[in-house]
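A, B and C label the chains in the order they appear, each numbered from 1.
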């Protein structure tokens, strides 16, 4: 079954393995490594997107602080996921057993297979995404020490356990186990639940325990402000840059989650994921913008296009399609996107109502969009597409089952269980951690530091400096 | 003809189709899907580039407005191209018939093939590019409603008809029909004409009908200003960021237009496209910069390196090589780039002379560069390279035919016809639309809104906000 | 050995070669072209990263100037490398001869093979990287003419000679020659030495000969300032954007240097490169940040997280792993990264001590990290991994040889020779050039131009302009 042939040597450069004999397996392996290298690089690009979006969304005096957190996220995620996280998530899994946590492959010791190394790289990029979601929510008031501590703990332990349960072959909710719960297991193709819901729930807990920024809902003396005061983003340009980069990164995130591109159906699955990602993003954008326009017009009589709605609607559509991108039809992606726009709007207003301060509205996007995305899979997964991505187990979206005259809601049940499991696990582990940090006075910067901004108080000065601009005298002299 | 072998399962993750049996066709399909996923993602990245370039080029008071248009472009393009545009462009085509418009595949209904789904994704990214070109030209004065209306109409109908005529197998100008006009059809490999000329002509019509910004050529009372007043870009940093991203995106745009990478010659064609793209960009940059330096020095006696020239020269070189990137030799790419730099300079000055106000100089780049690029193909297409990309039909660039002692100008004729067809079609359809919008008073914001800027008047406030910076008292207290 | 089969035609688009017959070789060629297209595009993306990082790091009055240099770098690099550079680097090489310089393939004349064309594109992207490193160091005071002259000379001649010596099959230090020095040749997989050390040494020479910016170490009258005055970066947001883009680009740089992905072991090598790149970046970041925190706290008693350290530590880790990314184990990457953080810190302080003014600290990153990276290969290259990337020649990192009870330090010797060769060659050629430029008064802008900034004096005005913001009267009128 192996065809060998000589291929020509390339002209020079770093590597030396040109001129060898190449077989079918090698092309296949090389192609798959390349595919995940591409996909993971695009996912890693999302770190840039988050950094720009978060920095743009907050006040100028905390730009260095938030960006530092975004960079350190990636670095700590790398070390945490390399040392233990990846082993906890995938180590020693096999479809004929179930386990709570993996236990092999710490520090990638002795791993030399390209397939497994690139799989680490891909999963590392995903893990960073989960960790970085929280940075924006707690911006402008969370201590760096607390953040680093949380970040290591999430990417090294909390998140890997969730990954293990849903994506490992031994996971108790996994669709890839020989004996999955509900006969199908949870279908979270690229991580609406595993990644975004995890990040979103953590962000909600952190925001609640940390408390709002001074002046947002309460003034300096803790007295409630009548109308919550929004803090306008310091740079919409950075926000838009970040949003576009995130959208772009999603084309690695979603199609890449097929993991191999040389296998049966994988081209179909990856292509569908790209199409659905696009349609859900667009629908989420338009839906959030329109509902905001309608309500704003009813309240004020004026028409305004709100760019925050446009950006966060897009992102919420993207988060929501992440679970179902490979299993719903394009019209289903549109439905998911439209509802995601509403979900975002609703959650954003709920947070204000409950006086929970999310500096970048990451909770509505990731918690709101992520949970909706998981549930939508249970409603809209189309049979043939689901079979291509997850195997033909006979349980599809409730809409289709109902259309076939069956009341089979097993996939929906699996999805709901998955959502509840993620929420429960994150709350059970992160609540004590955050409370402990608060108790030890490690969680929040002091009041004066907050007012002056973290950049000046902790990072040696402000992010922007125009001291170098020549004065009028110099300009005059020059002329 | 099919070789099957077992490939190893990857470790976990979203998909489930590891461990299957893989055949030659599957590797080929997977590879091609992946190739277009890569290329289309890079093309989609150009949306970010356009957004940054446009935003940087205009005045600070309209940044939110232009960026909103850029995001909405992508979203509306997605919906418009998914619902009808793609079907109009490619539906039901076959090389043995000719038709004006396609008629199959609305909403991608029943499409499950990865090859076709990813083809939609690629063509969607291209369609967005065509639509977004206009945003910059009409910036700072065009109503959002008019813009959305135009954008949907262009990506859903006007552009698909052009695509059908040039790129579909049934197109009346298509090189892929069994019986192409002039024996070869129009050769527009990646869209100098189909995309850039379409966008550029639309931008010219819009700019003419919309009129210049107040204070550019005429003052508030409509009285002509002696020397046209340039509005300096508010951020060159954003412009450069946008330009670099666009250049980068072109490496998806041009090499990606081969559509499949596993076929005969496709590696040669894609590689040539990347090389030519690079050389034309560099030549366009240097050529525009040098001509501007020469003329500026003659006029003022001073030497100045103009970054606007550098950026737009680069872009004009890129636009111009888009048609011929796969068919000209590298030296031809240099010639195309050099002339593109002059074309840009000429058009830019012509617009000022005729008092047509293009806020980002998109017309010189896309109309000027696009039309020159199409014609250059008729002059410089090299026989063996053309044969690899379009088949060996015997009609090449006039320079080569003339070198062979033949006067065969058929390819050149086809190119000129193509340019005329695109200009005619766009003018015929868009002129009435823009005039109607103007008549209904939907096209242009009112005078006061324009002066105060669209961000404040339509989008709830300015794009930059430094209200969060601590005052000196707070800083003092902190120390 | 050739399997042919029919593949389906894609739906329309630019190219025409769908529907052909495809063979094993074609898939392999197509895949390899695609791989280098991806890798080179990511490397080219680093130009954006350098532009943003450099622009953010300097004072506002020179933003246009530095960005112009970054764009022109790419353009001049393209022309220089196309005309002569590539031919000098790789032309006519063969493993059974040795030569100082290549001599074939000027202007890519007659090259139609996709493999070779894409190889040019990849090597062009690398060459631009080498050239652009210097731009940041000499920012704010170097004349444009001198810069363009240097840039052409480096990418067209100085750098190609180094490439030839290390990466060409005929290079006198090359690991790909039949008879490599020390039995193994220099192992610089992706260019810690060839690219970064070359750029770094050039930057050091330029900075020394050009002299510091006015007011940095000496005041306007040349009198030494007691405490060197740092010039704060004008925009940390741009710096972070640049750093993230550079990190991302490294995933093309390092894994891409395997050059073909369809060959034996190439998947393993590329995947390892991605993993090691990640771990070294993260380690470099944390190591530089921590050492700075410790020393800063000892000196001032305060805790501060310094974002400059975080960014440059990351970059120095990336530069250092570039040579060994394919040959060290992940723990080795961590060691390389940790030491790189210290190396950066040390070099950065040394420069200040010796009053050498590097406007963006490119010398510590590229010279410091690059030389350490080359030497680290001689210490930490692991046998099986080295065999996969460079062939099984029996000489590995000194640590492993020593572990096997052998004192074989040949690889280490080859690395040290390589470092010395690069330093010597660059000094020998660039020193006279820079001295000549200085002698001819072409190197440095005059004092008044420097004070007013290059943007105003040479580029028609400043990079940021807020003149378009409406005044309060207009705003009032609007309300």
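To be clear about the criterion, a residue touches a chain if its C-beta (ideal position, glycine included) is under 8 Å from a C-beta of that chain, and two chains touch if they have at least 3 such contacts.
Note that the coordinates shown come from a computational prediction; the quantities given were computed from them, not determined experimentally.
Participant: Give a one-word verdict, same or different, on whether chain A and chain C use largely identical residue numbers at their interface, taking over half shared as same.
Facilitator: different
Participant: Can you give the rotation angle that fits chain A onto its twin chain B by Cα atoms, in degrees and rounded to the nearest 5?
Facilitator: 120
Participant: Once you find the CA centre of chain A and the CA centre of chain C, what distance in Å lies between them?
Facilitator: 31
Participant: When you check chain B against every other chain, which residues touch at least two of them?
Facilitator: In chain B, residues 3, 27, 29, 31-32, 34, 38, 115-116, 235, 241 touch at least two other chains, as defined above.
Participant: Going by the contact rule at the top, pick out the chain A residues touching chain C in the complex.
Facilitator: So the residues of chain A in touch with chain C come to 3-5, 7-8, 10-18, 20-24, 26-27, 29-34, 37-38, 40-41, 44-45, 47-48, 51-52, 55, 63-64, 67-68, 70-72, 74-79, 82, 107-108, 112-118, 120-121, 124, 144, 235, 238, 241, 458-461, 463-470, 474-475, 477-478.
Participant: Which of the residues in chain A end up touching chain B in this complex?
Facilitator: Residues 1-3, 24-25, 27-29, 31-32, 34-35, 38, 42, 58-62, 89-90, 93, 115-116, 119, 122-123, 163, 167-169, 175-176, 188-191, 231-237, 240-241, 243-245, 247-248, 251-252, 255, 257-272, 274-275, 278-279, 281-283, 285-286, 289, 303-307, 310-311, 314, 326, 330-331, 334, 384-385, 388-391, 448-449, 451-453, 456-457, 462.
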